[in-house]
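Two complexes are shown next, each including chain A; its partner changes from chain B in the first to chain C in the second.
After this line comes the complex of A and B, so read on.
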């Protein structure tokens, strides 16, 4: 006899009192329901960050995987090491060498996408109340992890050259003056998600110096590093600081996300803890996925494929930026990314991307409001626009629809004055600017 | 310039002060180093729990996966839902129906092996100091998770019929009298790892009644449920209690572990939290793995394959039990499992399986000492013997070597009296017996 049958009522509500404190921070995003609408085919989604893998040669991938099953099937289908396949870890070191990193395969831990690497690093370092420093804005998936482990996120201003070193130094000082413990600086130096900017070369040295001086670890998250449109790969922070940087990489954007293969390269002592955390979390990452990636990398011109991806994304970036330039009303600002998937757009003063979203979805265009990328609820005037997935024509159509919504909002505002001044002031006083303010 | 180069010393030690409190419990097992020796081919390993997948038809699996890449490649290689593929979740409900469960696909969350399901459930429920009740002994991988989330594990006695209901009721009473919060009862009702026993039918009702009465959730972990040698699948606890049981399943033993596909079936409110936790942990479980399993299940007689697995494991169980009966000295006790992978063997009084392990490995046989399966360091007189992986001949050879080591230990003990009486008393006073005491 079930409790439901016996008691006449469900026990569902009673779970609320039983969850861990960390679970209170795990709430479904308020924009989640909208996104199920946004995934309908008639909606142009500029919201998602799905890589466009239609260019992958399915015959090559299929052949590589058939070979794998035939020649290495028992290993691919068996449990593997908690640290990940040794052959793949060697290949990962080859990939990182493109960014100047001399890493050892023994310091690499394979993870279930680099998302899991963020999760495991946070798990081993962060007690409730510990501070993580992150760019403003920052990657929504990392903020979710930090929240799930009850960290306090302190945002640091970016501009068109990425993280502002002076602001970083000041944030470290202020947090410590507050008596709080900083566990690491989380940064996406290349083709930032969502800000679209990269950390300038000269700043890389400065950021490393500040972190060394303050004795704070850097968590360098780099899923887009090989997807630059105009310049070669930037030199990784990790390339110049093996002991103070944990570097995260991923095959989700250079090959395909469905295998969920990412990695962390960490100082040896940290790597040991990461492996123990991985064993607790999953016993081991999927062997099949790892060997499939290994087989793809070793049988295919994967760098040629990455070049093809870059060219496709560049074309889409161009389509979006041209459409924005042609159509966006005065007062809107955005950056021109030279790699990656995202444009960060700030609306004309007085508009709110979050409250505008339902109307946009009704007008069959979707984006992610800027608030998703801040731990403190700011960012409402901005939005992330992704150009990675739709075709150039759809991107232009999406921008056209978005512009119509924005213009309607501006008219409404002029007529009724819907944006309260108090709110505008509050946003401006947070002390960090949108990264696109000095661009365009 | 790296910190190492600059400071002349590595920073490795300094990380020790930076880890989260939960990380202090993550230490490499002291027997880990031995196991790297134990994996050498000349050692008969009765230690590992790797399923023997040599029986899988590689041509069928290869064909299913080639088909998948050809017809559904873009979906298999793309991000998927955090909850898991809907088609696979329907098939999972069909699998669970074999054990009497009427579950809804919307209440299923796909996980990276059922290990990750244990991790996610613990993550959402357990604050430091919360109590998890578990069998004595219990699954080493689950104990690792509970330790990583700083839970207190309270063990409850088993006998040849599994968990002892009266002991469970008493443990709940005692924990609550201590003012502690019980978050769930973790139990493996079928072909227990490591104890080899199953929960008797009549006890299933009793355990459910005790949990209902005390209003405590049950976490039912069931990786071996379809691997019974003599009886059909047992009726799951979840089959009779949809609201108070979270059920965990896995394809690692019925198909192959290398895909890392497991699942949790949970009451709806809990399922929502599990999906949020999964999104933080990995964004989504691997699409490729899920679609590979889906394709295998729908194109192959997977139940016929499970029957073949059962027969293979039964033959190996027989080889091990016969060898034990033929060779083990008086005073050793073990159970005769009627499913799964494991025999739980208790040594003659005065012997210690943990201190004996290095000598066993030197004699080219490996096992897991019982201490690995207790949160409180007890279990030293026992060991887990796995018959799943080696051939029957190797199993007999392994038992022969093990018996030689035990007999040598017994001689040493008779000659020198190496087992301190104080320790023996301490073990006996813990209040739970080995599950094999009333068997054989």
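After this line comes the complex of A and C, so read on.
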């Protein structure tokens, strides 16, 4: 073996002094590392939010893509418009009409999933230190964007009916009293990620009134709107407020996430900025994906497919809720979602979902600790449970393992005096108490 | 050649990183290498298509506790690294501390207790006793495991219960140890057939003051110096301690001892790793590089040694 000694001081990253301040939070994390185990088949993952697309008619999709290549290949593989394919934008308007929105294709900007739309909107509105108001808890992917643009996130309380209007009004007042500028209210009004709740109809008007009165823009993120189990599509906030709401939609849950096609519907002037920001970021959204989605929507009964998705997710929701009701110890609280992918579960007092996660991974079950959904890292007593991907049997098995983990953790906490109350009573008494109304 | 990486331990992600890094290094020197996870098909593959050699880069349970190596012994497949019995002793920090202390090596005073002991004897009383005997500050660790997962420094007595709960989330037994303040150093020990030799000492200065998971695996967040700026006699003592740990525990091929050097220059043994991290931010590749060793060539030498060892055994 040849030897040429080379020592000295190093930080193993020669660019470390050159990164922008916004990269400060981009670090390795213990929790993220634990999720690496969750990808193994031995683990029942109630953590991920992957849509279950096993029911997609792949022959139909394959045929549509084959036709696309054969008949429209050069266009599909070429750069396209920065705003997105005009035909697809017309179809997007048809989709939005299901939720009461009368949008014009000219005001639609196609994006790389609605995640990129969150990024573009934040990019054009937010300077470091600007305030974004978000529900408590809020979507982890959006919080990551807000953090990257160095926004201050102010969380607003939710309950079983979604965002609490009085708390929203108070938050706006308090932020302004503090001399800070609010750039927008970020909300997921339907089948919330991670809270699983929907904004009640009567509250929709109240929220719009508050935003209108305060002259604050609303960013309405609606990836799950067509995935309601019992209630039809809710009327979008944007349907009643064309000027004060930017609406974000996605085909990731109603078709397939791999195409990465989402969109923003924005007031005209904002749309202009979004197109320029999109062109700066990607030149254009991917033509192939857009045309594939367009072909799928025009040649397949896509609404029938969404109905099939709804039924599948309903079955999984039922399996999870029944398992929770059967097995969870007293003191645990959760909501019963009426659509979407998620149950928000709050542990008995004194437990910490983040600290407990390694034990859960050892027991081959995974979830997302509530801390992921708060900008300030609070929410440790709660967790997000996804029912979208595992089969009903695996969901029941996952809940069984989770309950065993919780009981071990309760015993441990009581041993060390970090848990209030009497364990025996909780362990002896299982079962569902009431819908979770303390989504804080 | 097969690199085993991944597994189901809490350190799966670190293991995957180590596996990727070593596979690249081996390919750079022309070795045909396959990276494999540990799953139900592994045994069949190893039995039906025995590789020249296995490089187990699994961190944590199964990989470092000797279990997987027992199976490799049953299969009579050559593998790089310590035998199962040595792994069992080294992976268990309290056991390793006792054995290494017998070699005129200092190791911080500590207490090792399972969760049940606290439950049966009363946690508050046991914790009071521990603080009374060991004093403060303390560090609480899972007795088995690496990457600083589940470790918490305790400077106030009221932080001890939370630290215990954190450690027990990673395993059934906790090691509560006096926290030695000073310079943290890592010392790899390499043996390619001519006896264990310590590689250059690496000093570790994390930006946040704590060499936790984030500081270990975020490039740029820790400053390393290799060879560490230590007095010659202190550096020599670090090398002696690491080599002694390697020898007394019966380790083979490659190990890494984690030590502390306090303000007086006293060297304290903390733990030894039988499958040390070989990621882009790990200390072993840094030390090897400082010694003028190419990681790929080093691995090839270890493979040759492992193959020769197996041939001699059979």
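The criterion applied here is as follows: the second predicted complex is superposed on the first by the 403 of 440 C-alpha atoms of A that agree within 3 Å, B and C clash if a C-alpha of one lies under 4 Å from a C-alpha of the other, contacts with A are read in each partner's own complex, and residues count from 1 in each chain.
The criterion applied here is as follows: a contact is a pair of C-beta atoms (placed from the backbone, for glycine too) under 8 Å apart; a residue touches a chain by one contact, two chains touch by 3 or more.
Computed from a predicted model, the values in this text were never measured in an experiment.
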item: Touched partner set for A:412, first chain B, second chain C, both or neither; value: second
item: Which of chain B and chain C A:276 touches, first, second, both or neither; value: first
item: In the superposition, chain B vs chain C on chain A residues touched; value: B
item: Contacts of A:202 with chain B and chain C, given as first, second, both or neither; value: neither
item: Which superposed partner A:177 touches (first chain B, second chain C, both, neither); value: neither
item: Partner chain in contact with A:355 - chain B first, chain C second, else both or neither; value: second
item: First (chain B), second (chain C), both or neither touched by A:27; value: both
item: Chain B versus chain C as contact partner of A:80, first or second or both or neither; value: first
item: Partner chain in contact with A:37 - chain B first, chain C second, else both or neither; value: second
item: First (chain B), second (chain C), both or neither touched by A:292; value: first
item: Common interface positions of chain A, toward chain B and toward chain C; value: 1-4, 6, 10-13, 15-16, 19, 27-28
item: Residue ranges of chain A in contact with chain C within the complex; value: 1-13, 15-16, 19, 27-30, 32-34, 36-37, 40, 42-43, 355-359, 361-362, 364, 409, 411-413, 415-418
item: Residue numbers on chain B that touch chain A, as the complex places them; value: 1-4, 6, 10-16, 18-23, 26-28, 50, 53-54, 56, 58, 61-62, 65-66, 69-70, 73-80, 112-113, 115-116, 119, 123-127, 130, 141, 144-145, 147-149, 183, 212, 215, 217, 240-244, 252, 256-260, 267-270, 272-273, 276-277, 279-289, 292
item: Chain A-facing residues of chain C, complex; value: 8-14, 16, 115, 118-119, 123-124, 127, 147, 149-150, 161-162, 164-166, 168-170, 192, 200, 212-214, 216-227, 280-281, 286, 289-294, 297-298, 301
